[in-house]
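What follows is a set of structures for review.
One chain, subunit A, appears in both complexes that follow, with subunit B as partner in the first and subunit C in the second.
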Partner chain A sequence: MSARIATGLLLGWLLLVFVFIFAPIVASVIFSFNSDRFPTIPLGSFTTHGYDTIFADAEIGEAARNSIIVSLSTSVIATTLGFATAYTDYRYRFRFKGPYLALILLPPTIPLIIMALAMLAWLSWIGASGQLWSIIIAHSVLTAPFAMAILRLRLHQIDPDLEAAAWNLGSSEWRALRSVILPFCRPAIISAACLTAAISFDEFAVAWFVSGLNKTVPVIILEIVQGNIDPQVNAIGSLVFLTSMTLVVLAQLFFIARVGRT
Partner chain B sequence: MKDPLVVLSSVVKRFGTFTAVHRLDLEIAQGEFIAIMGPSGCGKTTTLRMIAGLETPSEGEVRISGRLMNDVPVHERDTPMVWQSLALFPFLNARENVEFGLRMRGVDTVERRRRAMEWLERLEIGAFAERSVDTLSGGQRQRVALARSLVTEPRILLLDEPLSALDAHLVIRMQGVLTRLQRELGITFVHVTHSQSEALAMADRIVIMSEGRVVQIGRPREIYRTPGSRFVAEFVGRNNILSGVSRGDAIETALGTFPAAGLPAPGRPATLVIAADLVEISQAPRDGAIPCSLISEEFVGATVTLFLEAADGTELKVQVPERALGELNQQAGSRYHLSWPADAGHALTET
Partner chain C sequence: MNRFALVFRLPIIVWQGLFFLGPLFFMIAMSFFLVKNYRMEEAFELKNWARMLTRGYVWDSYWYTLGMAGSATVVATLVAFPAAFALAFRVSAAVRRWVIFLLIIPFFTSYLVRTFSWYVILAESGVINTGLGTVGFGPYTMLNTPFGTVVGYLTLTLPLVVILQTVALANIDRNLVQAARNLGCSPPRTLVSVIVPLAKTGLIIAALFCFILSFGDFVAPYYLGGSKPPTLPILIIDTTKSGQQWPRAAVVAVMMMLTLFAIAATAIWLAYRRRSAS
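Right, the complex of A and B next:
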């Protein structure tokens, strides 16, 4: 009996934690359909006005386009880089491997604002700031470690004889990489691609510093909020949340799938 | 010997400061079933991997069909291997696993499929062709691995302890499958194992390795009955090993003096090996028999090994058929008398 009470209490606690985490997001989604200008209770009537405005707004459309280009490109570049470093770690033993890995895993530990300033300084020094691809470069550096971490986990699960078995059956090293290592890592590759895209899509600080006139969605949100209080911010927020959550859930699904199947 | 297919000459393999294989010389004939046997770390797997090209010799030459292979990359060697872990591709089904080698050789889809199915049928797992390899049993996976290696019709098959993970009854069945296949195909099998029963049951010749060196090469019966060194006598079979001094045509040991052939010059140290299954045991005292007391027994089915101790503490082993046990009425501490025929002793020149 007391065990059931304990389970009940723990479930209640879990529920509270979820409420605490998701309440602001739920509120933002609810207010995005509210007709009142200020987010207050009682609510006004239901409206899709906020969404209509943002879909009609050319500047927001441009930002959305930028965000999609940046996050897709970042995802491809960061996953490729992440795979290359994870594979190097898996395949080769060399001196200073520890420092090599530490160096690669470093970027996420640097405070974003410092990272953003450094990126801006560096990119403008080499004359590459203020472009859309400036954000892509910066985001790739920022997210590659996540891709590498996911892929490294997957490569740790591989039977060390598997690649050698492919060579033994007549495939060259490149062919074995393509026909054994990549298929084995496929769920992790998809997972890494989704996760890096999601991080890039949400990222504000670095994008704001290096983007120049090419605003991404988080940057434009800040600009709107700075100007006035506008329910359309809630609408954009809801859409951004939906996009990121979809990507993260996809990443998780592939992550679980591969843990389940050795 | 028929034409040698694989020739290793003065092969040395070092890993950093550790020498895994010391100046190995070995010829493996076309169509021969050879077993390389030894305790873990003896260099047997390294030797196999050098034939496959997965390791490069530090010194010496590896030749296959006369061609120097030292610098030929793994994928150009056509020396398929059955791995201890089997190393089946988990993202491919059984048939696709078997097709892999053909796909790498550019064989077209239809032909590939036909040949893969032929091999799966031959190994009696045709029904599992489309199954994921994760869902197959140990024995079935073993057969997929075999089919995958043989589908390209190689001249040689390398086996790296593939039976070590199987249940005992499956090991016997797979041994049957392997010997039958080897005879039917007439190709060379090089089987690395630490199990003497596997080596004795299947191989034409056995190579015994210890600490990176070949210590004896011979037919299974030779290895079993006439071990060339104390190491082999301890490693293969169940042997009693007595140290002593040569008296020319007999050897003087702590347990008495026993006649033996092939001893070194009188006065030199020598060793006598008597296989446990050649020792005779009785309860009644006999002329020249060694009195012992029983310590323990090991029952493995048809035969039982009895461990006894002589008056001076020397441990002796006797193997008797299980059905002969009744007459002995054995109990720990019981007194027995051991003897062996004069020709049962096998002398070693080393000590």
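Right, the complex of A and C next:
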């Protein structure tokens, strides 16, 4: 009996934790359709005014374009780097492999604000700051480890004899890679590309520092929030959420459906 | 080594060398540079260090940041534990997978927008105070207080802490837990003497991640905590953005990194330390 009460209490606590985690997400979606300028309870009437204003806003349109360019380019570069490193780790043993892997895996352990300052200083020193591709460079460094992790997990599942068999049958290393390894990794590659794009699409600290005048959507959100309370933020936030979630669900579909099964 | 191997090995060395190690080492070097007439000049002077380390406001920020991130870590660990325990021991593996998937969702919603939501929820005329007002309580000041900062830090870190703790708890050997119970160990004693020690590594790593993320976050202390005193990340932003004093900001950043190294090293040592024979 007391065990059952304990279980009930534990599950109740779990529910509370979930309420805490999801309250701000749900609230922002609700507020995005609210007519009052400052959202309170009771809510005003339902309106899509917040969405209409952001679709009409040229600056936000520009930022959306920047964000799309940055996250797509980032995902291509990060996934390529991630694949090359994951394949090297899978296939080769060599000295200094530990430091080699640390090179790609360490960036997420360093606070973004420190990366932001370091990137800004270094990129402006070599004359590469304030451009859209400055953000792309920075985001590739930050997201490559996630691509590497996903691809490495996938390569873990391949039978190493398959590639060796291809070599024995006379195929070159390149041919074996193209006909054996890449097809096997395709779901993970798509998954890694979606995930890195989603992370890049949301990142604001580093983008804010290195972007100069080329603002991305999260940087615009940051500026709006800094200014004053504006319900626009909820509408933009909901759209960003929708975009990121689509990417994550795609990543999950490819990752779980294929990688999980085989 | 043939060309094929090089093509796969070199890119990351070049890329991270240029754009990861390059920035970090440059930042360390920059902390010794000088600023003259709003322009940074290469130098090797200790002036920035001397200035920052002797200013009271820097140390106020330092201890405040350390204290806030530390409190958030303790609170997150304690709040997450019962939830992780429920997920690890009281639900099926299928439910656990689904819940963990749900917990990943917040990472892909804008942290800024979630913070803004809290702002609206916690404000004097916000959702909570309006709700409490109708039953005759409040209003309570929750914004611009340490409480607000911790709420923000938890928004950032709690999902991750729950996930890591759940994985740690779900991976411990159930037979050991069962053995303790069969030998007459009470549930609380089993928790303290068997479950927590077995999951120690994962629990400490979860706390470490919480600390690193909170320590480096500028959004929660700025928007929800009122920035009084500013935390170190806010100090970096102010020094960089308004003062053009990049070398001084670099000093703060290097201080942060050294602190994190020390704390991470301690945490990892604690996490993997074998218990002395007892």
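Assume the second predicted complex is superposed on the first by the 242 of 262 C-alpha atoms of A that agree within 3 Å, B and C clash if a C-alpha of one lies under 4 Å from a C-alpha of the other, contacts with A are read in each partner's own complex, and residues count from 1 in each chain.
By definition in this document, a contact is a pair of C-beta atoms (placed from the backbone, for glycine too) under 8 Å apart; a residue touches a chain by one contact, two chains touch by 3 or more.
Owing to the predicted nature of the structure, the values given are computational and were not obtained by experimental measurement.
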| item | value |
| --- | --- |
| Most subunit A residues touched (candidates subunit B, subunit C) | C |
| Contacts of A:F184 with subunit B and subunit C, given as first, second, both or neither | first |
| Partner chain(s) touched by A:V240 [first = subunit B, second = subunit C, both, neither] | second |
| Which of subunit B and subunit C A:V248 touches, first, second, both or neither | second |
| Touched partner set for A:L162, first subunit B, second subunit C, both or neither | first |
| Subunit B versus subunit C as contact partner of A:A198, first or second or both or neither | second |
| Touched partner set for A:S171, first subunit B, second subunit C, both or neither | first |
| First (subunit B), second (subunit C), both or neither touched by A:L14 | second |
| Which superposed partner A:G98 touches (first subunit B, second subunit C, both, neither) | neither |
| Those residues of subunit A which subunit B touches in one complex and subunit C touches in the other | 173 |
| Subunit B-facing residues of subunit A, complex | 159, 161-162, 164-173, 175-176, 179-180, 183-184, 186, 261-262 |
| Touching residues (chain side subunit C, partner subunit A) in the complex | 2, 4-5, 7-9, 11-13, 15-17, 19-24, 26-27, 30, 79-80, 82-83, 85-87, 90-91, 101-106, 108-121, 125-127, 130-131, 154-155, 158-159, 162, 187, 212-213, 215-218, 223, 233, 236-237, 240, 246, 249-250, 253, 256-257, 260, 264 |
| Parts of subunit B lying in touch with subunit A, wherever the complex brings them together | 52, 54, 73-76, 78-81, 83-85, 87, 89-91, 100-101, 103-105, 134, 148-149, 152 |
| Partner subunit C, residues of subunit A touching it in the complex | 6-7, 9-11, 13-14, 17-18, 20-25, 27-28, 31, 38-41, 80-81, 84-85, 87-88, 92, 100, 103-104, 106-107, 109-115, 117-123, 125, 137-138, 140-141, 144, 173-174, 198, 202, 204-205, 209, 218, 221-222, 225, 229, 233-234, 236-238, 240-241, 244-245, 247-248, 252 |
